[in-house]
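Look for chain A in each of the two complexes below; its partner is chain B in the first and chain C in the second.
Up next is the complex of A and B:
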């Protein structure tokens, strides 16, 4: 059993051998006295098991005394199960028995079960960091803040790696790639933005303004990443393209109320220039027309409530030049 | 045709057997016995910490003998891990016969399998070294992954937690 520990500490076994020799040869050393005639041969001393355990204990105590002076990294270089003869400090683990004694570190299976971090003590972690430092590059100065990072690297790719305690390194969930980009970082005009939002559907989050594309249909991560990048490129270019059928969009198909193209504007201009018909469709010369435009758009786009209705009432009154007190009604 | 009068009595017997149902109904014995050690008359039992704590103390007073991620949610290969652990336990019980004082603890860390335990000091170090190498080598061939035997040795009485 001694040599189990030998890989951490070479034990001077010669010393223990000498001790046992001395024990057995004490009777032959005395030359001064008369030699005794021994008719019966002297009894051979049987080295009892008790003595063996004593020397074993001696060696173990010697080892335990020497371990604190050694470098801990050489004693415990990597993760391994707990070993009571190597760990120099006293430990207890487990519920106390009827005598009120907690199990100590020797012969304690609970200490073997739990994972330990004795190979990752703070000085050793520091040493690991020092050793890894030469492989690291300096953080670029232009990317000090988060805003700068987002500005220069708008695309964010999220993947997951899985660690299992099993011989296989394959995990099907690791193939999923999600690509996130802010809509504002894409260069889009009004038409393209409207079109990209229609194409994206629920992949666009209006609260954060983020586009999230999740690709999981291919078997490997690289294929999925390529596919997500392709999707983003295709989205961008398709949204810029103006298809001929998009010309057929009428006022009914509009997703919001556009006053400039509405009947309300036509009526306002024709009313203002009555009885002659308006020559052009400009409305800037009509007093309070802008106020009226905003009030009507808000009323239809944002829905009817007390504020928008009051605003609309004021706008109509000022456009029609109805200047009487509010109290009359 | 002359057989029928004789057959009639046989039919009656079998009918009686069908009508009489051999079912006993009594209260159910809901007693947990597994993993619990009870005192025996005239025999003093020395229990280790593992034996002294019944199974419902797992995770509070004692921990598991197998450590792996197979049984976490969405963990992979749970059945394979279980069968492998059973195989390792059987193999070690046979190879290290009467040497283990504790249960065989199997801890998995990525693809490494760490087999820990406490053994007694009945064998010479040379033999123990041979057994460690033999076990590690054979198990790594069978399970296709590195195996580590991490043993500590104590005198037999050191693992005794209490006597009943």
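Up next is the complex of A and C:
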């Protein structure tokens, strides 16, 4: 028992204090030789509680004097619940008491409830890594930069692990797998790209160009990962396939305004060649038609604002061969 | 008691922003000298960039014919000021310059005036109508399309086209107006119909009849007024293409035609889209490219349609259908007053005794309150003495 306590002595000041008290009491017992008959009961000495309790201030000063150069890993080798006598620093947890002070670490159930990571302090983690290093393979030289990693390994799988102290180590959220891949890393032509975007819907982020597939319908992570991979494969191949009903796509279904197929082109050519009807659909012979084409496409594709409208106006003016000096502004 | 009544009355007047004509109207004294903010040139064809930010007056004979179909506020202003004074502004001058240089053997050009509410689109149109009348165009001016669709007095099934709705009362009124403003041009040009129109078993307009007679027939027989409008527009297009006359189509609030709904109800008491009203196709065909010797000047306005109210820009307000019909058109922005124009207009108001004794600080306040918006400025000046 004594030796056991001595092991902790250095850091465990309270333990030490207890021991010293114990020792002193035994020594007094040894000194008594005769029992004295006391006719009158001895006067009870009122000992102030304050003297007995060991304040944290005292412990701190003591600690500062005798901080050991001992290895923390040997003291706290694995995960365990909080112990106030082993942890060598003051801690406070819980609601403020009447004096407005948070309860200290001794006899504090709140500190016991929460999980701690005292077995994973940064130096210890570092030591773990050092120990594991001999099992690792060397990082490939070709993958030094982030760009190279993205180029060679475009698919990114994101899962979450959960760690807490509870009777079960299973966490339902850990099954969710999200698979991310850049659209540009897939080999697609115009049709396939259009189709894959329609199939993806809001799973595609046009700002970053990333496709995100989240699989969470299967009970385990492995199954979800397989499912996500299957989805990506299926998407890719379905996008390349040209179904017969896709021939029915009209101008309304177009994802952008195509001037060459629009009514605008038709009206320009027929207006220009009026009163005769245009013989062919070419527009190259009309002066400034290309400028006009760009202006109309911009106006409709990029949205209408003062800038695009003015551009359109200038284009129409050159097509209609009208001039006005726009010197103002 | 008397003074109390008077003060109450004057306060009411102030609150409503109304003013009796007596307080503001000026006497028609022939001016001997021209104030700096006016120009004498009353022929819009002569207006160019040197005339900008000056006010010119429309001659009284044209004013009288225009009066009935101006907006309420403009009519009030004309009554109080005893003249239509129009500020020569860039959009109107720009379109006049285009009209002067247009190659009239080609298909018609379309001009679309756009801008925020109250920026002066309608007033610019008045300037251009005056130009058209002076240059002996036949002016087909549709003052505000939404009045046809918004407050239909009578909507009846069309006797000529099945499944369409006629608005005979508005149509008759409009024919009267067209006859009034084109009095001179119609009498001088002597236009004839090119084909026979059969209205009913007994009523036939023969080929070779004059267009004035056609209009007169529409006014007399308001059942066929919408059909007459259709015939008139067709005839004018044909006459213009043949080079007999020049036609100026002026439509205010054109986007009402391309809106999705009107306030006109059919026999089932449901609101109908503009396509089901017979005059819509007439006026849409009037701005089509397939004729020459003419021009179409249109405005688009948020107020003119019910379903598109988010932006003032023409492509949005016209919608896909309207854009495809009108494209390529020339969008022309009507902006709020510039500082020079603002000063001119205040000077004009002072000259017309509409505002008096306004300090520099007051002018600055008006400028900030109205943000130099013409209509806002007019409203803000109403209760000022």
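The rule is simple: the second predicted complex is superposed on the first by the 177 of 329 C-alpha atoms of A that agree within 3 Å, B and C clash if a C-alpha of one lies under 4 Å from a C-alpha of the other, contacts with A are read in each partner's own complex, and residues count from 1 in each chain.
As a convention for this text, a contact is a pair of C-beta atoms (placed from the backbone, for glycine too) under 8 Å apart; a residue touches a chain by one contact, two chains touch by 3 or more.
Owing to the predicted nature of the structure, the values given are computational and were not obtained by experimental measurement.
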Partner chain(s) touched by A:164 [first = chain B, second = chain C, both, neither]: first
Touching partner for A:313 - first (chain B), second (chain C), both, neither: second
Touched partner set for A:194, first chain B, second chain C, both or neither: neither
Partner chain(s) touched by A:216 [first = chain B, second = chain C, both, neither]: neither
Which superposed partner A:226 touches (first chain B, second chain C, both, neither): neither
Partner chain(s) touched by A:156 [first = chain B, second = chain C, both, neither]: neither
Chain B versus chain C as contact partner of A:291, first or second or both or neither: neither
First, second, both or neither for A:274, with chain B first and chain C second: second
Complex contact set, residues of chain A against chain B: 1-4, 53, 56, 79-85, 94-95, 97-98, 103, 106-110, 112-115, 163-169, 171, 173
In the complex with chain C, residue positions of chain A that touch it: 262-264, 267-268, 270-272, 274-275, 292, 296, 299-300, 304-306, 309, 312-313, 316-317, 319-325, 328
Of chain C, residues touching chain A in the complex: 49, 90, 94, 97-98, 101-103, 106-107, 109, 241, 289-290, 292, 311, 313-316, 323-324, 327-333
Residue ranges of chain B in contact with chain A within the complex: 48-50, 52-53, 57, 61-65, 67-70, 74-77, 80-81, 101-103, 105, 107-111, 114, 116-118, 121, 125-126, 128-129, 143-145, 148, 150-155, 158-159, 161-162
